[in-house]
Amino acid sequence: MSVNNEFQPTIVAFCCNWCSYAGADLSGTNRLQYPANVKIIRIPCSCRLNPMFILRAFQRGADGVILCGCHPGDCHYTTGNYYARRRMTLLFSMLDYLGIERDRTRVEWVSAAEGAKFAATMNDFAATIHKLGPNRRLEDLRCRKD
Amino acid sequence: MQRVGVFVCWCGSNIAATVDVEKVAEVLGQEPGVVFSTHYQYMCSQSGQELIQNAIREHSLTGVVVCSCSPRMHENTFRKTCEKAGLNPYMVEIANIREQCSWIHKNKEEATQKAVILGRAAIAKVHLNAPLTAGTSPVKKRALVIGGGIAGIQTALDIADAGFEVDIVEKEPTIGGKMTQIDKTFPTLDCAACILTPKMVDAAQNEKIKIYSYSEVQSVKGFVGNFRVTIKKKARYVDETKCTGCGLCTEKCPQKKVPNAFNLGLDQRRAIYIPFAQAVPKIATIDADYCTMLKTGKCGVCSKVCTAGAIDYKQTDRFIEEEYGAIVVATGFNPIKLDQYDEFAYSQSPDVVTSLEFERLMNAAGPTGGTLLRPSDGTHPKTIVFVQCVGSRCDDSKGKSYCSKICCMYTAKHAMLCREKYPDTDVYVFYIDVRTPGKNFDEFYRRAVEEYGVHYVKGMVGKVVPENGKLKVQASDLLGNRQLHIDADMVVLAAAIEPDKSARPLATMLTASMDTNDFFTEAHPKLRPVESPTAGIFLSGACQGPKDIPETVAQASAAAAKVIGLLAKDSLICNPCTAAPDELMCNGCSSCEKVCPYGAITYIDKEFRGPNRTTLVRRVAQVNPAVCQGCGACTVACPSGAMDLKGFSNKQIMAEVDAICR
Amino acid sequence: MQERLKQKALELLENGTADRILGWKIGEFFYDLTPAVFKTRQEIQEEFVYSPFAGANLSKYLIAESRKGGKVAVFLKPCDSYSFTQLLKEHRIWRENVYVVGVQCGGMCDMEKLRAKGCEGVLSVGEDGENIVVETLYGTNVFPRAELLEDRCITCKSKKVVTFDELIGEQGTELESDRFSQVAQLEAMTSQERFAFWQKELSRCIRCNACRNVCPACSCEKCVFDNPGSGVRNKAAADSFEESLFHIIRAFHVTGRCTDCGECSRVCPQNIPLHLLNRKMIKDMNELYGTYQAGADPDTKPPLTDFTLDDEEPSIVHTRGGQ
Amino acid sequence: MKKIAISKLNDLFSAISKEKVLYIPADDGANQARFTPWQEGLTLTDKLNTVRSAKDLFFPQVENLVNFKNSGKAIQIIENRTEPQPFVLFGVRACDCRSFDILDRVFLSDPVDTFYKTRREQGVVITLACNRPTETCFCGVFGIDGADPQGDVTCWMDEAALYWRANTEKGEALTAALPMLTDCAEEAIDPIAAKIRSILSKLPLNDLDLTGFNRDRMMELFNSPQWEDLSQSCLGCGTCTFVCPTCQCYDVQDFDDGQQVRRFRCWDSCMFSDFTMMAHGTNRPTQKERFRQRFMHKLSYFPNNNDGIFGCVGCGRCLQKCPIHMHIVKVAKALKEDLK
Amino acid sequence: MMDTIKRISGVNPRKCMKCGKCTASCPAFDEMEFHPHQFVDMVENGRIDQLMQSRGIDFCLSCFACVERCPRNVEPAKLIEAVRLAVVRQQGGDHLRPEAIPHLLDENLPQQAITAAFRKYRK
């Protein structure tokens, strides 16, 4: 069903239920466009994101993974995004250390009111991944689709 | 694997215009486990819901995927729909193909493809869903208010008004708190005692309110609806049931040299005392640090003069255990100690006072009987210098980084009162900024300047040197670009305020979170300002942040309303999407406990069957589902993967990832 | 030193302080010591060894040993004592059943280094001042002790025994070591170079799990990689991705809990420098969240279960390290 | 008997690899040797032996079996076997060469493991006599002669030349295709072999005595109280198993890549906690049983079922690589005490 | 120049909340045309030249009263010291050129004096 043969990245966006998922909904309500290859997975809080999920996404063929959560200080559960921030900082640093392109992963804080920011973030991230090309350094060859 | 039904909604043209709903239904129908797949114009309509219900019955569906608008919109609707058809409501998953698909994409082929993928993810997840049942936990219909200041009193009164029992625990011998020490209140200048003491009496007389004065919270166990609290009643050596509060003992006690804490040490009282005339409860208390009888065993004067026979030197601390459904924290504030600010000569001269001491010096019930006299020589001060922001807005270790909020207004009040009572005094106020947002606040400050002629100087005092009975004040006048040298008679320091020292250990007991300044954190800074993130713990007054009296009272009533809302329920329905440990996998390492914002995780030593018919004792985590809010922080902290989150389990999320990346 | 330890072991056994001793047992050669529990006087006298080849960290054995009833006495070298304290912090060891004798350590020797010097057929080893004299089937070799030290001992972080009931020898101090220099070198490489480096290293992994099973931080009742219910179980790295996955997740799970004892690299049969992954995390935490040493005390919160309001954002990865 | 100058080794390797893939033991950059496909520039290691044994080439750690795919509501089966190309394995030591006999007894008896069989057929084994046996070597205990290994071709080396003797048809065929090998006298290898044997005679583990590990004493060994102590320090890692040339246990696993399910087999280790895990759980619940399984298999069950041939070849890899050095020699010696 | 001053002093003038406590504490107030709080403000707003030309900078006693009292840890005295240093380091501000030295050499002239006549400067 692919539209053309150009590289179409697969991007997984983990969004916290309270801010970023609502922000994504708002960008939809406002009809703000972003690429269709961004797919959102709803999690209760950014602190629910296990590093395993990110690696799993890369294994299964994702080219970029982004985590969106409430702005620090605004977490529905008070402290969740603070833990997420440390976890992701260390994880990203480790991935970078292992030679994985640092642009493949990102964390962005998007509030429920920031529909425009959500769309802009996704557009920018998708463009970055598009420029970066397919994920080759952290993929499982068995899951390659071509 | 479930028997899954897929229901694709057109949402009129909202979805159908950009997503080929027929095709989505057809493709998803081919997915493993899908036994029924259809599409309909409005799935959320009555007939749409009936369609789902019929399909559940006809095809014996065990899982339902609705491809429609955001779950934030209709997840609950569809859950109820399915529940009515006999399906567990948590066997429903929503694929958001409107807000996150049809509305953001224009290319129909692309949008259709994406809708299919989102549907697949929902199907993959629903295969791993398990029926969940929301548990309930009973609510003990009694509230505890910790702290008996104006905040605690107001909260207690409001709760009692709604018909619930409420206890106040106050660490001092009387309730009333800081407001009892204040002379007049801004911006109306009515007398604090006149408005506070009736409330204190109301509290004492209210049948629903029980006051534990001279008491402290010793331990807190349990969770929302079911707290078990141990209260320590400190020994006051006076039988509360017998003491009539006549005050004879406080006149006869031979130990006269006790610094009077109520007047901040500006005068002295006896070893047995009632803090002030309107104290509630009006019961004498023996100060064990000074009482000759308690220290040496010789004296006993108070016992001899007490006609009620209330004195009991043998009294010891008593512990009371009570159950509560909700706890309100109203521990209040204190001015900071000014030892670190020696440039203002606070420790060198008795004529350099804090604003709270100044309140006592102005108060008719204070050490000077309401006449403003210098503590050093009892003369009228002619020149008074007020210094703002002493210890507030500091970036160093000496002070506090925040603005104490109330100082600008009370300093304006003090300055105004001085000028009003003693028009011959010169009053200077040194300020960095004057912050007076609030109803009639700025007008009040302007009156101090315009009507009362208070000299407001933009600048700061650099040093104060006591010299020949005067206070040499060196200050800057930034607008005049000059340095001022004032010979003052009195200097009043607006000390920063900080949370009461008892708050930190209390927060630990309550597992309520605090910020770095020891103010309690609210559940949400905007939307849930009177609740702690820990369920069942509410915040009233300055324990949450600096506040003036109107704000405190407003928040106190708000907290009361929240408590009433909780106590009005017979039982609490718990969120079923809670964390749960696999005990066989749990290491007992406490990682999860450390990140739980609600204190929902505890540990027990539990016996397990080991290999070869042995038993093993292991420390394992327990989650209290009544307290857990389901954030999932613990699931990631857990290295063994023992902790998982119902409804958002590791496997469910990974199944979604797999489906999306497929 | 060995004699003092033996005497202590005998004393503890005889005065009833402990009913068994956890130490190192003699092997076929001078270097193949095995951690063992000694129960009798005779065993201690004949088989107890403490030598420059007693590298094995005994702390992890105490998870099981402390639960067996009775009291076990254990000899802990400084770095082992960090692991021990970290395990106490995680409630894994029942402290009341353990009697800890801290022992100083002059650095442990590495058989691999000896072999790397072409020393085959080694029969015995002797100490001659700062030199190690090795008798082999093919002659005698003499090496300065420093050349045979394990890599982890060359960059020893501390000679301090953090938890003990009794100390043999002097208490040591924390040392200034440049243990992060290799990490810094890697950080200074380009992303592509780092990727190549780690691909080369990790591709040798045979998933024997020695690194995990020896690691005192990997004390899980059941590892996610062994648990069929976890959804990520794998027994062999069937794809290069899985080599990385295992080591990334393992490094992440021990972040803030790894005391940098170096056992992972010591036991790796394929000589993969696994400690460089853990050290990277330690270095990051030190730089981003303030110095933290796991196992240095039983109370401090590990950085991943703590936070400050103004922590760095994950995007800092763009400005730190190499290109 | 043939020979070739050491300086011409490269030509020899080059010629062999023209026809077949040639594996030689080479340094792996981490101070160890491994069998590596030869390409121009690759040289023989000076290490005695590889860390991973030669069995890897016949019984790889991971092997694809078959794939499944959902097509509509049906399941489609897709063959996914990698057929091995002819290859030559150079530099196999006597111990590893013997391990093939042991593996053959397992994989080539009914039901025949066709994966293994094809690889055995496709592979030519060239052994190399051990010039510098090390202290962990105890192949002699199993009647293996490090100075005269088996294989399709046997080689000896001294400073000047490589000596080459074809033992089998496969070996002869390969020899015939290598004209650079020149004839030489059989006696040429005698001094080399003598030198090796003099060292072999001095090896410290020569005194390992395995008499009595027979069927009659099996239950006695099985029930030995010593297993408790011996297994106590075992970490439960698979190092010994994975470096062992004779360990042959494997697990069959499925991997769902999203499109299809890939069934593959991978090495298992009796030291692993999920070894022989079944629906009801495991019948070897503690490390003691799993540890016992490994050594009982090598020292008792295998010889009992295979004409007294032990399941160990004395290569010494586990002696060097076990993280806590609880190796087969220690176990055998401890058990021997029970038999006295 | 502003960055140089900030670098030399290690001070972040943006932290200043303009309370004037530094100026209130300054014992050399009357001697200086620019007072400590103005110093901070002028550095922040890049009016460094004016400061460098000011005679007042030499009247700062470096008593550090302002540093001690500042509630925001701005440390005005360090800024003033940095401006002084910047003046000293100005290029071309040397009292001597190397070529001139041979003429000046004399048995009794201390080496130190010649060295002192050179000023450190920055490019």
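Note that the chains take the letters A, B, C, D and E in the order they are written out, and that residue 1 is the start of every chain.
As a working rule, contacts are C-beta pairs under 8 Å (C-beta built on N, C-alpha and C of every residue); 3 or more make two chains touch, one makes a residue touch a chain.
Note that this is a predicted model, so its numbers are computed, not measured.
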item	value
Neighbouring chains common to subunit D and subunit E, by label	B
A-B or B-C, whichever has more C-beta pairs in contact	A-B
Rounded Å distance between subunit A and subunit E, as computed from the means of their C-alpha atoms	51
Geometric centre distance via CA averages, subunit D-subunit B, whole Å	68
Geometric centre distance via CA averages, subunit D-subunit A, whole Å	46
Whole-Å separation of chain centres (CA-atom averages), subunit C against subunit D	30
Junction residues of subunit D - those touching two or more other chains	255, 258-259
For subunit B, residues that touch 2 or more chains besides their own	595, 637, 650, 654, 658, 661-662
Per-residue overlap in subunit A, given as positions that touch at least 2 other chains	51-52, 56, 60-61, 73, 79, 83, 87, 140, 142-143
Those chain pairs that satisfy the touch definition	A-B, A-C, A-D, B-C, B-D, B-E, C-D
Touch list for subunit D against partner subunit C, complex	28-32, 34, 46, 48, 51-52, 61-62, 132-136, 199, 202-205, 229, 232-233, 235-239, 241-243, 251, 253, 255, 264, 266-269, 272-274, 277, 319-321, 323-327, 329-330, 333
In the complex, subunit B residues that touch subunit A	70-72, 96, 98-101, 103-107, 109-114, 117-118, 121, 513, 521, 523-525, 533, 577, 595, 597, 629-633, 635-637, 645, 648, 650, 653-654, 656-658, 660-662
Subunit C - residues contacting subunit D, complex	27-29, 31-37, 56, 61, 111-112, 116, 118, 120-123, 136-138, 200-201, 204, 206-210, 212-214, 222, 226, 228, 234-238, 263, 266-267, 269-272
Subunit B-touching residues of subunit A, taken from the complex the two chains share	1, 3, 10, 12, 17, 21-22, 24-29, 31-34, 36-37, 39-45, 47-53, 56-57, 60-62, 73-74, 76-80, 83, 87, 119, 143
Footprint of subunit A on subunit C - complex, ascending	183, 186-187, 191-199, 224, 232, 238-242, 244-245, 248-249, 251-252, 255, 277, 280-281, 284-285, 288-289, 303-309, 311-318, 320-321
